[in-house]
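Okay, so chain A shows up in both of these, paired with chain B first and chain C after.
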Partner chain A sequence: MSQDKFHDDDFERHKAGKDNPEDYGESSEPMAGRGAESEPIRNPGLPEHAPRPTDVDETLERRAELQVAMMFIGASALALLFCVAYFVFEPGVEGETFLGVGASNLALGLTLGLAMLLIGIGAIQWARKLMGDHEIVEHRHGAASSDEDREEALAAFRQGSEESGFGRRTLIRNSLLGSLGLLGLPAVVLLGDLGPLPGDALSHTVWRRGVRLVNDVDGQPLRPEAILTGQLVNGQPELFFEHVGPDGEVIEPEYEGSELLVEESKAAVIVVRMRPEDISPPKGREDWGIDGILCFSKICTHVGCPISLWEQQTHQLLCPCHQSTFNLAAGGRVDFGPASRSLPQLPLMVDDEGYLVAVSDFQEPVGPSFWERG
Partner chain B sequence: MSTTTSKAVPGTPKKQPTGGPVAWMDERTGLAGLAKKQLRKVFPDHWSFMLGEIALWSFVVLLLTGVFLSFWFKPSMTEVEYMGSYAALRGLPMSEAYASTLELSFDVRGGLLMRQMHHWSANLFLASMMIHMLRVFFTGAFRKPREMNWLIGLSLLLLGIVEGFAGYSLPDDLLSGIGLRIAEGIMLSIPVVGTYISFFAFGGEFPGDDFIPRLYTVHVLLIPGILLGLIAAHMLLLVYHKHTQWPGPGRTNDNVVGYPLLPVYMAKAGGFFFIVFGVTALMGGLMQINPIWSYGPYNPAQVTADSQPDWYMGWLDGGLRIMPNWETRAFGYTLSWNVLVPGVLLLGILFTILALYPFIERWITGDTREHHLLDRPRNQPTRTALGVAGMTAYGVLWIAAGNDVMGPIFQIPIASIIWFCRIGFFVLPVITFIITRRWCLSLQRHDRETLLHGYETGVIVRSPDGGYSEIHAPISPVSAYNLTTHERRTPLELPRREDANGVPAPKRGKEGVRARLSRFWYADDVAKPTAAELEEAHHQHHDGQPELEDGRHVGIETGGHVGGDDFELEQTTKKS
Partner chain C sequence: MKFLSSRRRHPVAGLLVVLVGLIAVGVGYSAFRPAVADETSKTDTELIAEGRQVFVVGCSSCHGLNAEGVVTKSGTNNGPPLIGVGAAAVDFQVGTGRMPMQRPDTQAPEKQPAYNEEETAALAAYIASLGPGPAIPAEEYYDTSEATVEEIVRGGAYFRTNCTACHNYAGSGGALRDGRYAPSLLDVDSKYIYEAMLTGPQQMPIFSDAVLSPEEKREVIAYINVLKAEPAYGGSDLGSLGPVGEGLWGWLLGIGSLVLAAVWIANNGARAAKPKS
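Moving on, here comes the complex of A and B:
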């Protein structure tokens, strides 16, 4: 913004009052066409300045002065108290409590907050009661520069661009514009290592033939007879836990850290048992369950929240984020809500030792839809 | 610069120049020229002008508390075993981000206060920005020459929302992790490049270990930097344009009436910073917010019931909840309308409409003048109704976002709430539009009545022949003037287009649409009375005749008995 815009006449100020009628009356050039003639009531002008009680009564003035000073002194005291509270009270769960809440946080918040409030209220009280309260009239003029200024600016620009030859020397101009445009490419390419390309990573999980289903809390493998009708168990593949191999050897978890989180976020499943006669499996999936035990992806097909609200009478599974409702007795079909796809189902079988295992990976990508999903 | 300027002219009595730090500073910066004009700059007074100030000061509180938090917070997704003082989580694996947030909450003195102040002031920042925006909208303060500041303000709001989301996602607790998972689902729904965007943002598959550090840079450097720059531009334009003011006695479109920056507004605005800071500190000390320790660390296989985003993201979450489950699968590709529309397009549509609105209104009304006086919302019925309709749609989405919380409270099935919101999103704004517009027009009519006949005193008198009537008393000249400060607006005329033979052109095209919209905008306005009408009305009162307005018996005006010795209004009009 140009400093020159702040013309001096901008700041001609006059004490408002009846003695300066030109300041408040109808303006000679109404910027928004408020013609005075058509107006039913003439602008009565700024009201006379009315003195405040503190302007005329010295006792009140003195009292206001004291009030403001007391507030500032109070703020100083509270600032010191804040420091005391900082050292006196221990923070956290082991610290002192007051009325059931942490004393440290409470005392620090109260002292800091009240100190600040007192400073603020004091300053405003000072402004309202004691500082000058004459309203001032400042003239406006349009936001635009004067026509001459604009012409001169354009002329300067024209002269400058003429001297540069920017318009004339098209070879230089176009090659410069071309190179500047192409500089966008390095800027974009440079970000290439932000992440790997998606590939088909979203289409696979760690489930494969023979991977045992385990309880996601303690990592214990699940037997069909341990799951009661109506029960829901949150499951994960055994690979995520330390477990005992077929020959009795101890196998370490296959994943850890952020890798584990990535795989968990795709492989999480829920295992439910329903009465076999209640289940109407989609075509081709009749043998994906074991005696009414079915296994579905836990990841909502809407935007990927883990689903876990199980209504055993209606066989519905509700997502707590956006209320998509899936019917597990009907192949994970969407009964209601914003999700569009059925929950992917994991085919189950029982291994030699009688534990539930996967027949294969999911046969479609789990989780939210994406463009390449098909 | 000429070197002779500082030399005193010989012979003239030399005035002692100012010395000391002022001279030192001015000789190096030349700031005195600016200061002499700006130190006594005038600002008008009104409570609603304070809303933007709340936003400004809470941003300062956010910067101060945020710097404190950054000294302890570790933006890292590296897995650690928690060994801190909060026993319930001891021994659990969690990210360093979550562990350091626990440390801030339990082991750093004042850390919990700063965390809670930071979160509260973020809420305050967004709430005050939104209400400030509504104030600017409903009073027409976005009109020329302030359109650019409207756009800057919108950018501030949009960035503020993103900044808030980034902020509450950083602690890597269970709730914020769910929010990020939803954000990932929304990214995936973008056609063609969705998976690439997601993989590039998360450094691979969700959640990975890159996202929190990246989000941290965005949250503490990138967005605050842009916000600071935009706030500076917002304030500079405000200073340059000078603040809008309410019309009133002595307050015209050509002046600004108020108190000077030094001392009154320095004290008031400066004091107000301390009040905003103080209130935030009290909230941080007394009101719990985002107790991340009770949510636990993020685990992609877990979720909490009643998962809610912070309130300013609520409307978007509501959109996700009520969108029908439409998805198109064709040629081996999937397009998820159910996520794309509410997750991506809704935000874009809302902000596009808001950004274009000043220009649309300007085109419809054909008003290209500068406006520094604020509109009373009632005097712009169509704009006000549009604003209320927009608020209604926003409110419906907000209700939708709370369906799982409201359902049990009000004993309404969630499905019913969703269907109410689906239909209400389209129907309720229309209803509130009509009601608001009629309401504004009624208020206009009421203003006109008050001007012509004074206010209703509630005093009923019985005339000698047994009729009852209410006494109307005149209003003060200032009140009367305030009711007439708005402009008389007339709809644009349809342009007359004729061919060479004088036959009117059948198609009016764009101008025809514009004229119809303009008529819709203004044609129903109740015009304020003219000077002649006012005089006429007052003469009637003095003749003591019962007045008939629109065939309705209003009552006998006996203004002289109640409001003073004479009808002051009339005196004013006679003078003009």
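Moving on, here comes the complex of A and C:
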């Protein structure tokens, strides 16, 4: 039975409202008792098939054919234009612009995108106007294989089991199972290559007593008088920059490469200055600032975004990722948002030469909470 | 004289006489008027006195008659004290139209300036006379026409460290708390960017010369000016607002057009009225 014949048969039968359930195997058994006559509402079947204008009118058919062909030809032209644009327009910063948009990107994107769009539209138009236009009904069938097929498969399995002696030769079977099980071990051992265990690295930064606070990017050390009321400085420890030691010798940066990036991401701080009378420090932290200059970790305690959106009049520090808001005038307390821990504060003092230095490391881990911290 | 006397009763004659008289008086006055001092020759004292007049009329209701600030009953500022804010702060706030404010609000937005350049200069001179503060920068401080690539790159590093948190990676601004926002930098004059860094207007922190030197400030401005001139290489930048703006367009236009295409594909299409012969 050809595919077309099958569908046509189905269609005719459906239209007549006389489906014969026995044609469709076991799955339609429960339906057998209910004939067309016992249905409370008669199955109206599918509406009568109406031909398309292009099926009836030859000029319309010709026109549709032409339309589709024009779209494909247009796509070819655009593909060629893409190649032309590729060589004509200079890409990048030096290239031409058109209406504020890079001409190369615009031309390449438009030609390639429109070419693919035209091929797509043409194919759909072809299918809708010109290709065969008959409705198809496919009835559901049971998902199970036939009984013979199932019997055959089971017999083959039993025969295999019998001939290999998998049940009988227990020594082979058990040693095979054991070796397969132990193959999991190399995979577990390889996990060690993911890196060393973090140890207490999450709890410490490179800040220690006497480390100078410097301006990020240029590495200039900061004096208290350089920071005005209402000022914000994005800071880093001096260890990351080449600097001059106490005896005039040049000290190279202590870290470099990926190690530097890791340490920078933990040690980044923001330094702000507000009027001392605006500050209400938590108990025991009254002397952590210098005349209203306070230093906090730049890493949000929620999921670790760098934060420096400090509103100098409300003293609130806003995290752009999830809107956690810390009140720097109240020891970095969380005023709003998903962060659950206050922003860690770095105690400051002034060294012999009058520069701002750390009193110690942060007294709690910086950044987001982690498993061991509870 | 016959020409004149025969036409003295012509309807236009009276009009012409008045016109000639007016022109003669005008030309005569401009030739003999007493010499008036130019703006440039105004003494500082005169400028300060003029600025005080402008201040008393336009600013004192919020900032106090002597710019000492007005504190409300709840302890907040109606208008902050202006002693020591310097001429740069006045030039920024008044020159960009932020001051005078239209009404007490969470933020003073940029708008059409209410005072002209002379009045702004007089106001700045008056406020500067009350206490030491940052002066209006000379043009050489923010002129970036000769910035080298190296300076622009360094300015970019400062910009990304200090500015992008609020003003966005492309300088197109962003939201703060309680309806406040950091404005876009892309249509701001170099002078005002410099003054804003120097004086910290509204919620913006100060970036003092001792930490971010004038040269470094100029490098930042040079970088912003490059951002301003930067065309959108990847097609439309959708306002450079990051994932929120791009997501909005993706969902509305991208998925919307896919839905329309799906409707078109699944649509039954036109049918002929008469059956196939």
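Annotations for the structure displayed:
Rule of thumb we're sticking to: the second predicted complex is superposed on the first by the 293 of 374 C-alpha atoms of A that agree within 3 Å, B and C clash if a C-alpha of one lies under 4 Å from a C-alpha of the other, contacts with A are read in each partner's own complex, and residues count from 1 in each chain.
Here, a residue touches a chain if its C-beta (ideal position, glycine included) is under 8 Å from a C-beta of that chain, and two chains touch if they have at least 3 such contacts.
Note that the structure is predicted; figures quoted are calculated from it, not measured.
Applying the stated contact rule after C-alpha superposition, one finds that A:V272 touches chain C and leaves chain B untouched. Shared-chain residue A:N234: touches chain B and chain C both.
Applying the stated contact rule after C-alpha superposition, one finds that A:P196 touches chain B and leaves chain C untouched.
Of the two partner chains placed by the overlay, only chain B lies in contact with A:E135; chain C stays clear of it. Within the superposed three-chain model, A:P51 lies in touch with chain C and out of touch with chain B [touch as defined at top]. By the touch criterion defined above, A:D216 reaches both chain B and chain C. By the touch criterion defined above, A:P253 lies against neither chain B nor chain C after alignment on the C-alpha atoms of chain A.
Comparing chain B with chain C, more residues of chain A are touched by B.
Of the two partner chains, chain B is the only one touched by A:A115; chain C is not.
Applying the stated contact rule after C-alpha superposition, one finds that A:E311 touches chain C and leaves chain B untouched. Residues 92, 102, 105-106, 109, 124, 216, 234, 306-309, 320, 336 of chain A lie at the contact with chain B in one complex and at the contact with chain C in the other. Interface residues of chain C facing chain A in the complex, by the touch rule stated above, are 154, 157-158, 161-162, 165-166, 174, 176-177, 180, 182, 200, 202-208, 210-212, 216, 231-236, 264-265, 269-272, 274-277. Within the complex formed with chain C, the residues of chain A that make contact are 50-53, 55-57, 92, 97, 100-102, 105-106, 109, 124, 128-129, 215-218, 220, 222-223, 225-234, 272, 306-314, 316, 318, 320, 325, 336.
Chain contact summary for the complex, chain A toward chain B: residues 1, 3, 5-6, 8, 10-11, 13, 16, 23-24, 26-27, 29-34, 36, 38-47, 86, 89, 91-94, 102, 104-110, 112-124, 126-127, 131-133, 135-143, 191, 194-198, 201-202, 216, 234, 236, 256-258, 261-262, 264-266, 268, 298, 302-309, 320-324, 334, 336-341, 367-374.
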